[in-house]
Each structure stands twice: as C-alpha cells, then as structure tokens.
Amino acid sequence: MAESEYVLEAEGLTKQFRGFYAVNGVNLKVRRGSIHALIGPNGAGKTTVFNLLTKFLEPTSGRILYKGEDITGTGSAAVARKGMVRSFQISAVFPRLTALENVRIALQRPTGLTYQFWKAEEVLDSLNDRALELLAAVALDDAAHTPAGELPYGRKRSLEIATTLALEPEFLLLDEPTAGMAHEDVSRVSALIRQVSKDRTVLLVEHNLGVVADLSDTITVLQRGEVLVEGDYQTLANDPAVREAYMGTGHA
Amino acid sequence: MLEGATDMAEETRQDRTSLLEVSGLHAYYGESHVLHGSSFVVPEGEVVTLLGRNGAGKTTTLRSIMGMVRDRRGSIRFGDRELINLTSNRIASLGIGYCPEERGIFASLDVEENLMLPPTVAAGGMSLDEIYALFPNLKERRRSSGTKLSGGEQQMLAIGRILRTGARLLLLDEPTEGLAPVIVQQIHDVISQLKEKDFTILLVEQNYHFAATVADRHFIMENGRVAEEVRKNELEEKQDIIDTYLGV
Amino acid sequence: MTVANETSEKSSGMRRLSSFLADRRVRLAGFALGALLIAIAPFLGLYPIYLMKLLCFALFAFAFNLLLGYVGLLSFGHAAFFGMAAYVSAHAIKVWGLTPELGILTGTAVACLLGAAFGSLAIRQRGIYFAMITLALAQMVYFFSLQAGFTHGEDGIQGVPRGHLLGFIDLSQTMNLYYFVMAVFIIGFYVIYRAIHSPFGQILKAIRENETRVTSLGYNVSALKVGAFTLSATVTGLAGATKAVVFQTATLTDVHWTMSGEVVLMTLLGGMGTVLGPLVGAGVVITLQDYLAGIGSWVTVIIGAIFVICVLVFRRGIIGELARILRIQA
Amino acid sequence: EISDDVVKIGVLNDQSGLYADLAGQGSVEAARMAVEDFGGTLNGKEIEIVSADHQNKPDVGSSIAREWIDEEGVDVIVDVPTSSVALAVQEVTRDKDTAFLINGAATTSLTNEECSPTGVHYTYDTYALAIGTGRAIVQEGGDSWFFITADYAFGHSLEENTSEVVRENGGEVVGNIRHPLDTSDFSSYLLQAQGSGSKVIGLANAGSDTTNAIKQANEFGIVEGGQSLAALLMFITDVHALGLDVAQGLQLTTGFVWNMNDETLAFAKRFSERRDGQYPTMVHAGVYSSVAHYLKAVAEIDDDGGEAAVDQMKKMPINDFFAPNGEIRADGRMVHDMYLVEVKSPDESEGDWDYYNVLATIPGDEAYQPLSESTCPLVE
Amino acid sequence: MTELLGIPPQVLFGQVMLGLINGSFYALLSLGLAVIFGMLNVINFAHGALYMMGAFVAWMMLNYLGIGYWPSLILGPLVVGAVGMVLERTMLARLYHLDHLYGLLLTFGLALIIQGLFRNAYGVSGTPYPIPEVLSGGQNLGFMFLPNYRAWVVVAAVIVCFGTWFLIERTRIGSYLRAAVENQELVRAFGINVPLLMTLAYGGAVALAGFAGVMAAPIYQVSPLMGQDIIIKVFAIVVIGGLGSILGSIVTGLGVGVIEGMTKVFYPEGSNVVVFVLMAIVLAIRPHGLFGRPRT
C-alpha cells in the first residue's frame, strides 16, 4: 500500500457528553510533515479532539485512520507506541522525579528494559546523555537534578515538551505548549517545535496567535464542536467569521 | 458636621493613594527562600500589574498577600489593617478576592454553585445575571460540573466567581492564560469596567501586551524582588528596560 | 500548596540520603552489615522465634510497600496471599508430605497465581476503590478458608511438621530453622529491592506520580501494575508460607482483614516508600504484640496510643522522619 | 527435679477480646489464689506466675508459649480459651514436655486425636454441654429442636453433639441455620426458627452471639409464642450481661455454681473481693482447681517435667470445691460433675450474681464422652 | 400455596422488613463515614468505636444519672459529637495535608484506645439497656411480628439520613463543605473558616454514629466490642454507593441491609461476605460505585 499523503485522517468524529455535543462531525486531515494548528474559542472542543485522537476518550461515532490504519478501537498506550504522542494542556510531569528522570521515563520505553525488574537502574544511566541533550533543547539543563514538582509552571511545560520529544514521535500532538510561558521561552519553544517538525508531523492547539502564525502550515478553526474553516493563516486572519468567533478585532 | 465630612473625604483620598502596601516581604517554601523583601504599593482604584519571568515570584506574592504562604515575613497593609499575621479566611473577609493561577474550579460543584461559593464580603458585587451576561458560555453550562468546562471556560468561571463577592481588591493570577483572543478582549473589557466601578486590581500577567493596555502601573519582578516600577505614561521611555527584564 | 511543599521537602531529603546510599559500595556495605546483624542477632540475647516472626512480617511489609510506597496502590487484601500461601504450604507439608522448601514453593506459587488473578480484576480501580476491591476479594478468600475442608475452620491446620530441608537439614533444630528463614528473608528482600531499583521500578514510580502521562508515553500501565501486584503477592506468599513452617500452623488469623490492616500499619509506622521503613514498622508492631502481651487488658490501649503518637510525632514514619533529621544535620 | 529451682505458672488467655470476661484477668487472679493457698512455695522453691494475652491468635499464643518455655522456664501453661490457640499450644507443650492445663477451650479434639501426655482438659467441653442441656430438655418434653449455630468448628461440634443427644433420647432435629461469627442481628434467624415450629431453639454459639440472640428472641416474643431457648454454652458473665429480665428461665449447663455450698461460696466471695465484685465463672474456678492440683502433684514427686507432673496428677484423685470427686483419665480429660441450671427470675434472685437454680447434677461419667470412645492414642 | 424461590411470600416480606431495619443502621453509619471521607479525606476507623460510645453514653446516662432514652437520643449524639470535635481539633486537623492513610492510622489507634478504655471499665460481655416503655411490644403485621421499637428505628433513621443529605447537597454550607473537600486552601482564601467547618463536619458525622449507637442500645447488647467489625462492612457500603455520594451511602445502606437479609434466608453462612461480593460486582460494572461520579 502506498504511503498516504495524510498521517492522520479523522472522519465524522463526534463526542457527546450526556446530550451535549463537545465535538460534532469533525473531519480532519493532517498532511505528513506539516505543522497543523487547531484553534478556536474556549470550549470549542480542541482538547476533546486531542483526547479522541489519542484515545483518552472513546468517540461516540466516527473513524480515525493513522497512516492509513484504522485505530478507532486501539488503546491509548498502543497508539502512543505507534508513534503518535501527545502533551497535556494542564502540565503533566512526574513531580517527585527529577527533570532528568522525567525525560528518562520516556527514553526508556523503546529500550525494552521496562519489565526487567531484576536489572539495576544504573543500566538507565546510558540514557543520560540523550536526556541532557533534550533538556538542553528546552533550556532545562541547569535543572536536570531538580524534582519536577519544584519547577515553576512555565518550566514544567518545557519539561513536558522535552519528555514528549524523547519518544521520537512521528506524529506529535501538542496541547497549548506555550501556555504560561514567558516570552523568551515562547520563542525558544516555537523554535524548538519548528526544528523538530522537520522530520515529523505536528498537530498543535495554541491560543498564542503569534506562535500559530509563525509555525503553522494549515489551520483548522473549531467552533462549538464543528469545523468552521480551514486554511493558512493569512486566509483565516481575513475571514470575518474567524475574526468574530475567535481572533477578535485586535489582530490582523 | 460639614467639616467632619470633608475630613473623612480627605482621609479616604489619602487612603486612595495606597489601598495595599507591601513592604519588605519575604516568603519561604520550606527551606527555599522565594521572596527577598519585595515592596510595592497598589493605589486605590488602579489596575496594577506584576510582570516578570517564570519563577520571579509573582504568584508567591499574591499567595502571600492572601495568607496562603505559611512562612512569610515583612509587612502587608490593606487599608489600615496589617495582614501579615492573619489567616487567609480573615484576609479574604476584609474584602480581597483572589483568582488563582491554576483556576481552582471545584469538580464536585456545578458551575452555578462554583459561582455562588465565595461568600459576599461587601455590598456592590455583580449579580449572577450580570456575570452570565458577561460570560454566556457559563450560563449555557451552568448545571454541569465545574471541571467539565474547557480550560478557557474555567478561567471565566474563576474570574466571574470573585466578581460576585463585592471585594474591593481583586488579585488575578494570569487571568488570560489559555484564553482565545476574543475572550482575552472580553476580559480586558471586564477589567476596564471594574476599574470604572472603582475596584482595585492587582494583576499578574505573562501577556505583556495585554497588561500594557489595561494597567495604570506595572511592577517588574526579578528574583523575588520588585526591580522596577513603570507607570502607564512611562511605558515608552522605559521600553528598553522592560525588554531586558521580560525578553519581549 | 502545602502538600507539594511537604512532598518536595521530603523528596529532597530522600535525595540526599539516597545519593549517599546510591554509592554502590555504601549500599553493599549496608547490606552486608544488615545480613551480619541478622545472623548474629540470636546470640545477642534475642529470642530466635521472635526474630523469625519479625523476619516473616518484615518480608510481608516489604512486599506490601512495593505496591504502596512505589506504585501508590493501597491493597487492603494482602492477607489473602499471606494466608492462602500459609494454608497451602501447611497442607502440602502436613498432608502431602512435601519437604519444607517444596511446601513453601507450592504456597508461594499459589499466592503468585492468586496475585495475578486479583491484580487483573482490581487494576482498573484507583485509590480507595482499589483498596476496597482488594479487600472484597480477600474477604472472599477468607470465606473460602472458613468453609473449605482442608483449612479446618477456626481450628486451622495445626502441628505442621518442620521436616528436613532438602531432605537432610533438620529444621526442628531452632538455629537451622533460623538460618533457613534468614535465607528466605534475604532472597525475598533482594527481589523487592532489586525491583524497586530497576528500570521497572522507575516506571512504577512514574505511574504513582501521574498515571495518565505514563499511558500517553506508550506504556501499558495496566500490565505494569498487574506485574507489580503479582510480584508483591508472590513475595507476600513467600512470607506467609515461611511463617506457617516456623509456627507450624496456618489459621484464619492469617487471612483475616486485620492481617491486611496490620501490614498497612507496619508500613506506615516505618515510613512508606522508604526501603527500611517496613522492617522497622514490622519490628515495632511485632515487638508490641509480643512484649506487651504480658500487660494484659491494657495492651490495646497502649498499642493504640503508640499509633496515635507515631502519627502525630513521626508523620513520615520512623525511617522517613529519620531521613529528614539526617538531612538537617547534613 | 524442679527446673531452675522455681515453679513457673503461665496463664495464657484472651485479655482483650471476646473471652476476656469469662477468662482473662480473672483466671490470673484464680491462679494466684491457688498459689497463695498452697503456701506460696513448693518444697521450699518459689512459685511464680506470669500471664499474657494471646489475642485469640494461634501464632501469638504459640509463640508466647514457646518463648515462655524456652526463655523464661515456664513449667505449666494454664487456661487458653479459643480452640485454635489451645490446639496450637497443645502442640508446643507436647513438644517441649511442659504441662498444659486447659480450662477455657471447649473442643473435644484436645482429648481425642490431638490429645497429649502433658495436657489436661479440665473444666468442660462441648460434649458435656450437649449432654447436660440436650438430654435434660428432651426429657422434659422439649423433643423437637431447631439449631442456630455459629458457622465455626466450635459451633458445628456443639450442634452435632447436641443433635446426637437429642436423637438418642427420642427427640428430633427439625432444622438448623448457620450464622457467621459476630453477628449482631439475629432477628432473621429467629424468624426462621420460629417458622420451623420446633419446641426448642438451640443456640450453638457463644459470647455476644448468644446474648444478642437471646435478647432479640425476647424482643420478638419468641418465648411467649411457645418456643423455648436452650443456650448450649453460657457463662455466668453472659447471664449478668443480659440481665435477669431477659435471661430468666433459660436452662444451661455449667461446671460450677458459686453459691451451691459453703466451700464454693467461700471461694467466690474471696474471688469477688479481689476482682471488684465480679463473681467467678466455671473457667475461673477450674483454673484455681487445676493449678492447686498441679502443685500438689509436683510437690509429691518433686518434679515439674510436663509428662511426669501430669502422670502424677492422673494418679491423684481431685477433691475440692470445684471437683469433689474428680479424676483425670488417660486421655487427659478431667471428669467431674456438671450441673444443669435454670436462670432465676428477678424476684427469685437474692442479690448480685445470684442467678442459678440447680435443676440436676450430672455425674461426671455421664457428662463426658466415655473413655472407650476416645480416639486418643494414649488410650490403650 | 404460592412460593417464591421455595419460600412463602410472607416470610420473604418479613425478611425484607428486617433487612430494612438493619439497613437503617448501616445507612446512619455509612452516611457519617461518607461525610468524613468526603469532607476530611479521612477513613475514619474510629467510627465503630464512636458508635459504641453512643450506646454507652445512653447506658451511662440511664444508670448513673437516671436520664432515660428520649433525652439520650439527643444528648448521646451531642456528647459523641463533642468528643469527635475535640479529637478533630487536637489530632486529625494536623493530618489533612498528608496522605489520607495517616488519618486511617490515627483513627485506628483512637479506636483501639476508646475500645480498650471501655473494655477495661465495663468488660467485654456487655450490659443490658431496656427498650423505652412506649415502644415496647409490637404489631402483628400478618406476615411477621414487628416490634414497635424496630419500626421506630427505620422511621428515625430515614428522617435523619435525608435531613443530612439535604444539608449537604442543597444548602450553602453544604457547598462550602463540598468545595473544601477539593481545595481547602482556596476555599479559605474566599473567606470561609475552613478549619471550623471541618471540625463541625467531623463532629456532625460522628454524632450520626453516636445517634446510631443510642438507637442500637435497646436492640443489641451495649458492649465495647459492638463497633469493632462493623466499620469494615460499612466502609464497603460507602464504596458501593460511590465515594462522595451522600445519597449513595444512604440508599446503599438500606439496600445492603435488605440483600443481607435475603442472604440470611438462602445462604446464611454467606451473610457476612455478601456485601463484599456485591461490592466486587458493582465495582466491576460501575467503577465509581452506584452513585459516584468519577473524580479528576
């Protein structure tokens, strides 16, 4: 079978919570190698779409294809092992492990050491170099031995990105990666995303329009659980519907 | 009689110059010393922001004012009351409303219960209808559990919640984090309206552009101290200082 | 935020201590010293049967702490593994005439199977629900033990012969038995210790902190948890089976929920999530039970008071508190 | 030879749980009284008493027993209620040649398959209870029975023994129901017993299970409805706990009635003075008697080895207020008279703890399982 | 004759009735336990001991002070509640920021102490407590004889339970309690005196146990051991109902009483284990209990 042009195709994706449609008939195609942004007002269903794609929620109806394979019924860990990895909107680090250990948890997975309860943990030290490299990429190398719980909020987000990248995912889903970050970190992280996107695909939820404009090849605007429009930044920025629903009048 | 009244008016105007006065504030988490004697003043009726990098100590400052950091030293004066030794429920009932960084929405309460939760501390708060008018999303979802809301909706709820109480001083920790630009604009409008109603607001912000448009005064924090004060009219002349501190 | 504060305080204390302990030589020396202490304890005037009981319960607590302290799973049903293994090995030795080591292995194997079964049933639950479903399953095992013929109701299986280890070491000699129990203890302890400090243990800790995130990184969290649960149940079974040989009995006490409760107490008293905590906790509880037995009717009041004081004064458990003090002095 | 030049008596029982009242500290006190009455020394050697709470856990009990024998030189272990603990201690004492005087436990296996040359089962057993109560009631016309039984080995054997007695005497058993130990609500079982239409409801349980069942039977008007209750194991402390209002008219079997004659009365008064007004149960009296007898035997042969002492005890007849004509058989059973009593009404009672009218004395050789039926290997 | 599962319908009705009566005690106890777990995040192992204390307070009032049943029904819970508040203030309050396991350990210790003290004072066999004059006797309902006192137990328990439910789910103070469960620091920062609220909640919840104790005194023996094993069963009931669900614990309490009653007919040996079987089944089907909502 020829490799499809799209890494991910979702058809008629719907999620209903007790009669309330959080996501309603969304069709989404993410082109291989692109950075695809998902934007929309609060409560539009972006996080829910993420949860559906990564199988943290069961869709009420609809179909999800990843690299042409139907993953609608696959479990979330299995999806991650196929190379589709997400970060979380609300920071999700391991607070009592150090930053280095946080990243190592991700690095450890492909090593096959996981179930080897008879091996000493020193075998994991071989992963340290790669872990430090990843931490350096998000400017956390100075905090490698700090327990993640003691990091300020913004740096926790950076750590989470480093952990996500450690899995070398083919397809990366980032939920508001720059939320709560200071400006310099925002630019560093967006540079990082650009850099890592060279050989992978990224699906991004982001409210920082600067970042969206800067990074994304394609943007899908969600509103009330449905796709409003899709296009590149310039097209959307001039779309009156988008301006009204999302951007407001202040941006151009 | 008349003279007495003017005196009082005079006094209030005096107070107006400093509703909240923080001086030499130190705060500790366990053994880590986070605030190193920060001092600043929030005049009555103004919108004041605390700016600074991640970890500069902005949140800790707000939490210290609210009495939520157990280990704190220095002086925090609210009107003519010293807050440094009060418990947080006493502080709140003096008329300070707090909207925390991670929103603090209650899962076991529905949206409306969340809104109704903080007790009224003074007259003059907004009514439920006014709040719903401000944030229509909330009205639509009023019977669902607080944490079922999207991130942005939760932020609205967290702000809406303290508008009801009639607190004169509002502490908002990054109220625009994670909000869509339209909503940010709404929040901007809300803050302006509140200012017109004579509320005093101490705002912690990452979004410098947002802060710049609403605030009368900015304090820039660095390493647990207030490093710089920038008034609204000084914004342009001090732009380069701001740039160096914030890396904008 | 006080919670985060407390834990981070704790973890940084642990960090210093563990960085000291992380040195391989320090660790090895510590183990050697510990083993030596156990080996000579009977000659220091300590009563061997008491020591053996202590070792069995300490092993039980170690196994339990693997789940509570490192995976964050509170099982309230571990008595099922402890007691079932005791019954099975007692029966195997007394009725089938197996040698003690085979009897113990049989009991341990049953605990392992039971653990895998319970684990798969319970693992979908979290927190207190997990505790309760393990309790429910254990209560069923208790009920089974009460009704099944081979367990002899509340009389229990009595008079289990100690027999000859490997057919030629006479375990009715107290010191032979003692060194056998010591060997079992060291093996069990090593298995648990190894598991905690292995790549597997790292993931378990991560699961304790944030399960969803571990899933999103592509780990099969359920399988990992069932694995940890089974491992814990197996070592628990080893402890229970050994205890049956030491005391030559297996009774309902071993499967009763209060036994599950006791191991929780031991772990908390010693300090959960610390390597030595369970040993100290088991020591305190067993010593109280044995040495206070002579006080008569006030014994429960005294034990209760000790628990209360421990919680109020040593909140992190005895070892946890010690670690904190060490850091202050360091 | 008296080992370590001291005779050490270990009273091992439940001091905090279900059996703390019927045994507990009272047994310790009874043992002390026996030692004092003996004169405090034995052939010039000290007599000491130690005591411990086995918490009804066999492993705790057996480890205390071992440690006492190994480390503290205890020569005789006394009391030990709860069958499972008694059986475990029986193993230990047999192993270590230490005398074991069983008073609190009820199971007949202690003198059958689990008997020991160093063990004496002194006060009562399930067989005696069944004979006493079962036979008497059937003979009075209570010939159809329904059992409410604790679902434990103890309850089962009590029910079995009694059923047999009932049948042997021409009665019938119309049904039974088994309840878990420590049941607080018996109304459901009582209604089923009522539905069975039997003349007698036999309570094959003990302690709070029995008292709760009786109390609730009263509440549901069972006795007024024409059925009578037979409590198969009840101690005077249970009657005291129920109060005569509720307990009156109950028939039960006991090995000791404290106000039966001057001798018993004298013991009971002394006991009650030392125990804050609590009167002795049959277990307390049994502990006194067994310790006294043991000391006599040891003094006689000047040897406190378990088997030697028990052999000597078997040779000497017992004659005291507890067992005026008692003797210890080869299987370790101490055979003495038992009493069928009826609980007085509040009006009949002449004061605190005056609860029993003696209806009949059951001679020892009828009360206990015949030696010929014992499966104890010590019996040739 | 029509029979249901081999049992005459009258007997069945009778058993359902008896089940409901027992269920009333379960409901009262599980309600208190649910409130304490929900509000304070403490597994209150002392609950059984405080239930026992309620019964003893009634007994002591009668025997030492000549105070009868009816005043005891108010005074007993008040005394137990007051004891509870003292315990909360002096001990439990220091543990809230720790894992709830520490609360379990502490209350377990307290239970041992309370039980031990009463046992030393009154022995283990228990003491009698008479049924109040007006409620003695009973009604013949045709299918069973219902003692008046038992009927009163059901009525009183149901009223008290639903009163508590209303207080927590429908009033403002209830919403404070529910919010404080999740984030007491923040609720405090809204101006609510959370420590006081916690003390009152604990006091109120153990007063419910005390109330159950006074109600139980005339039915069961007033004995130091009466609350020992019940705690674990009641906790299972709370879990079946769904943690945090007040309504769940009430309904499940009554329901388990009935189911247990039926088990006593069909398989009496199993009546103590049926609640755990039930729990396993319920949790397998509804992981958060019958009325519980998943918590994030």
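Labels A, B, C, D and E are assigned to the chains in the order they are written; within every chain, residues are numbered from 1.
Note that a contact is a pair of C-beta atoms (placed from the backbone, for glycine too) under 8 Å apart; a residue touches a chain by one contact, two chains touch by 3 or more.
If you're wondering where the values come from, they're calculated on a predicted model, not measured in any experiment.
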item: Contact-graph separation of subunit A and subunit E, given in steps at minimum; value: 2
item: Chain at maximum distance from subunit B, centres defined as averaged CA atoms; value: D
item: Distance from subunit E to subunit B - Cα centre to Cα centre, in angstrom; value: 44
item: Euclidean distance of C-alpha centroids - subunit B vs subunit D, Å; value: 76
item: Whole-Å gap separating subunit B and subunit C, where each centre is the average of the chain's CA atoms; value: 51
item: Multi-partner residues of subunit D (at least 2 other chains); value: 16, 20, 151
item: Residues of subunit A engaged with two or more neighbouring chains; value: 150
item: Residue list for subunit E, restricted to those that touch at least two other chains; value: 116, 119, 185, 269, 272-273
item: Complex interface listing, subunit C residues touching subunit A; value: 4, 7-8, 11-12, 15, 194-195, 197-203, 205-206, 209-210, 212-221, 224, 227, 231
item: Contact set on subunit C toward subunit E in their complex; value: 1-3, 6, 68, 74, 121, 124-125, 128-129, 132-133, 135-137, 139-140, 142-143, 147, 257, 261, 264-265, 268-269, 272, 297-301, 303-308, 310-312, 315
item: Subunit A - residues contacting subunit B, complex; value: 17, 20, 39-47, 89-90, 150-155, 176, 179-185, 207, 209, 244-251
item: In the complex, subunit B residues that touch subunit A; value: 32, 53-55, 59, 101-102, 137, 141, 144, 148-153, 155-156, 174, 177-185, 206, 208, 246-248
item: Parts of subunit D lying in touch with subunit E, wherever the complex brings them together; value: 16-22, 151, 177-180, 182-185, 187-189, 191-192, 195, 207-208, 211-212, 215-216, 219-221, 237-238, 240-243, 245-246, 278
